[in-house]
């Protein structure tokens, strides 16, 4: 299949590599020349613009940092819509606000019947390399069945969430809850420690009781509780606090527009923001637990 | 075994009933005469005071509403310590603050070498009747092995948490997290609904992703998502919001004494308090989701 | 003076009227034809576009609902910058984010040396009509002294806050604090009432003590405490909760961009948002106190 | 007048000194022998117990750290009520929960018709020494007029708040608001600074606008804004964060008992608690602003 792939950062580059490995012909675009050179060596074609990449492609995939990039790559003068063929399927894998996802998809539909999905991912750079990402897909049933086999070459769980925009909604709602849960676990563990219970024992009780959650049983923020969690390796190499902050920002902004209160979500956002202000935004988000502990000597 | 059982409310009465069924001889005390009469018919002996109940008993169990009752039943003039024999094991199953648990146990140890454990339960009145409670036990290893077989006649999971007081700590830390998680799920579900994703689909995604937690996959607050959850039967018959409020009060008070911040826990407490002020404290605690939804017509 | 005035809503129209009264010649633009017709009768000239209004003007003033309008009115094809003369002073009185204010001013400076200030107001529609607004002005010292006499024909306090953008910063910081204070007063008054102190007495004590603030001594949210406050007339006719919500949205968004935590500000925003969700966003923002009171029969 | 004065700590000792200076005969009790010796040199009589101090006194005044001390000093075996004469007026100046104040007063009334008031103070040790305290008095009108002249020898503002207990209510409601306002000002100032406005200018604008409050115009937490504020002398010598924490603890606990939500108050308490956990509880409470600033090098 001839696929245009635009946006080759920490996530996009390994995703594109997996598609090349799966035998597809890729038209690539990014501002970073070195990653283009590297992927060209694997057989990708380098295009001069999003428009040029989209020309002749049977499928267009984008993976970009934020809504402004999505607007410009799709709607700009040399953007995808200027080059894409009539009725060609397309999917944006960026994590952005649902409103922009819907607006760009509407523009695509208007412009030559392009059927566009949103499909933000979870699983991090590790999942992108291993091809084990989860894709949360907002698309018509028809478009979903077209995209599913290709996405499955980059990920393990390909979930249909509803019409376009619902992929973004699913992701920000899940991550809103994740951001809250992680702080909830941090408060429970730190309180238990301060009151004098062994933290391993406490985690064991929580994990077989009603406090059970992914943030406790898989990714516990207390060092040593879960050997494979970032907390057990100095809070490195997981889901950075800045990324959590980005997703909580999307969630509270979408909530604001919908006049929907999200009280704990807003507090959680501020607590990660304080962590970021202290210069610790590069650590795994579970390092929020350190906000609850006396400075360790 | 000759067991003194003091405190025969909604939890204590069915627990005592299970011990009588298991063949023990019970000395009973409560202020409520009708429950005493009922248990006497099953073979229990009615005592005139906690002291009288404790006299001659080989084990003393108490199950009381709050710390003030525990102090008075154990330390009062006609209290347990005035009647209990030297070295008799004892366990308080009330949910109270860890500090009081430790102080009463210290008084018991001083007074005639009584070894006393704290063992708050989870599982509600249903678990008390069915004998499927979880006991979180704070006790020495020796006392734990003495108590374990008897507690197992009233419950399914008998967990050793550490020395006396740690049973209470485990319970309030777990319920602190539970109270937060339930609000986190409520915010995520209500936001998803407001933004236009199907709530069944959203719950499915959360439950197989990083937002996964007991409050979502077992006790989801959105009506219809989990058929067996209180949300699917009008928020009746589960864990009442007033009980959650009691446990969050214990958690934030213990945190205050330990100079340990619990930011989300404190906000959660206030949100359940607002629910209580509106007269909805008798509903299951998952009804907190209604604070996040437009008034349903 | 020949002044272009663009944006003639609830605030802009009475401001323009005061300038006409003061003897200026106004070039007017708005999408609302009836307000244009009304102001034309007072002597204003109706222009066909922002560009047309700006042509020949010695000063350009805009008063618009949000940042998107400011961008489009200034930077659009038929926008102000397409018509304004070289070096003409200009001021935007809209309440928007400081970033947009700075960007539009930079574009104006680049485009023909237009010196542009931001000057958001406080004082509401009453102040606009009476000519008693406060203007918080971000401008160079030179531009400030040019603008000051004209702004003084629409307002009473003309405050120089620093370079362009600082007018917006001053306004959102003040209103962040105002939104928090009003909830703080609401909590203190409601708690006092629930505990049994007379609310008039409590307000009197607060107002002569360390809790003293504008939200208590001038605009107290408890009915009857301040005769002239909206609380004493059914929460009508003041500063609507939706406007407070807009300003808190600007503050938390600016804070997000600056990685600056604003914990109480974020919680306050959510509490007003819950008020808005309940359909009470049209009331004065001091009606937030009702979130803290038992439903009044 | 023959006055019993019990509790001679940082506040009580200078208050007693002012009464001695005013010509009263004092019967003194405290556990600290050195302060007793010092006051004896000024003419005070040292008593062996609260009971002994109260015997023969025409007025009893207590000034104690917390509710437990108040209960024990008044209701204990050698307590005030065991020694006080029938109908003697009495006043407790401690800051405690309103419930305890009412209960002890009820016990006093029952026991020989003692009319007891609560009269917590504000003004700190400086005010105690200078005799410029504010007394918030909960008492019957008759008792208030009896106490007023004596209190006026220790303070400047003697405010009648209503029946017994309302003094405590007034104090905790005011300090709830104060704790919130101070954080509100801290967030506004730190946000303004981060966005680039001069903090002196910002404070000036706030202080003449709707954000105006004691925490900003008299006690601004930003160094250099108010020369006489603790912020301008390294956050020393004011109202310590631990004291604010105590009062917020009383407020949230009273709110819990009344089922009255205080959302911002609860968050404020946690933020001061985090400050305390970091070991900064000894600083003036306005140092909370440092939680909002990047670490200063």
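Every chain is named by a letter (A, B, C and D) in the order it is written, and numbering of its residues begins at 1.
Here is the rule we go by: a contact is a pair of C-beta atoms (placed from the backbone, for glycine too) under 8 Å apart; a residue touches a chain by one contact, two chains touch by 3 or more.
Because the structure is a prediction, the values reported are computed rather than measured.
Trainee: Work out the mean Cα position per chain and let me know which chain is farthest from chain D.
Mentor: Computed centres place A farthest from chain D.
Trainee: Need the CA-centroid distance for the pair chain A / chain C, whole Å please.
Mentor: 37
Trainee: Rounded to the nearest whole Å, what is the centre-to-centre distance of chain C and chain D, using the mean of the C-alpha atoms as each centre?
Mentor: The computed centroid separation for chain C versus chain D comes out at 39 Å.
Trainee: Need the CA-centroid distance for the pair chain A / chain D, whole Å please.
Mentor: One centre to the other, that is 52 Å.
Trainee: When you check chain A against every other chain, which residues touch at least two of them?
Mentor: Only 255, 259-263, 267, 271, 274, 277 qualify.
Trainee: What's the contact topology between the chains, one of line, ring, star, complete, other?
Mentor: Its topology is that of a complete graph.
Trainee: Which of the residues in chain A come into contact with chain C in the complex?
Mentor: Touching chain C from chain A are residues 245, 249, 252-253, 255-256, 259-263, 266-267, 269-271, 273-274, 276-277, 281.
Trainee: Using the touch definition from the top, list the residues of chain B that touch chain A in their complex.
Mentor: Answer in residue numbers: 98, 122, 134, 136, 157, 159, 161-162, 165-166, 169-170, 172-178, 180-181, 183-185, 187-192, 194-198, 201-202, 204-206, 208-216, 219, 251, 254-255, 258-265, 267-268, 271, 292.
Trainee: Which of the residues in chain B come into contact with chain C in the complex?
Mentor: 263, 267, 274, 277-279, 291, 294-295
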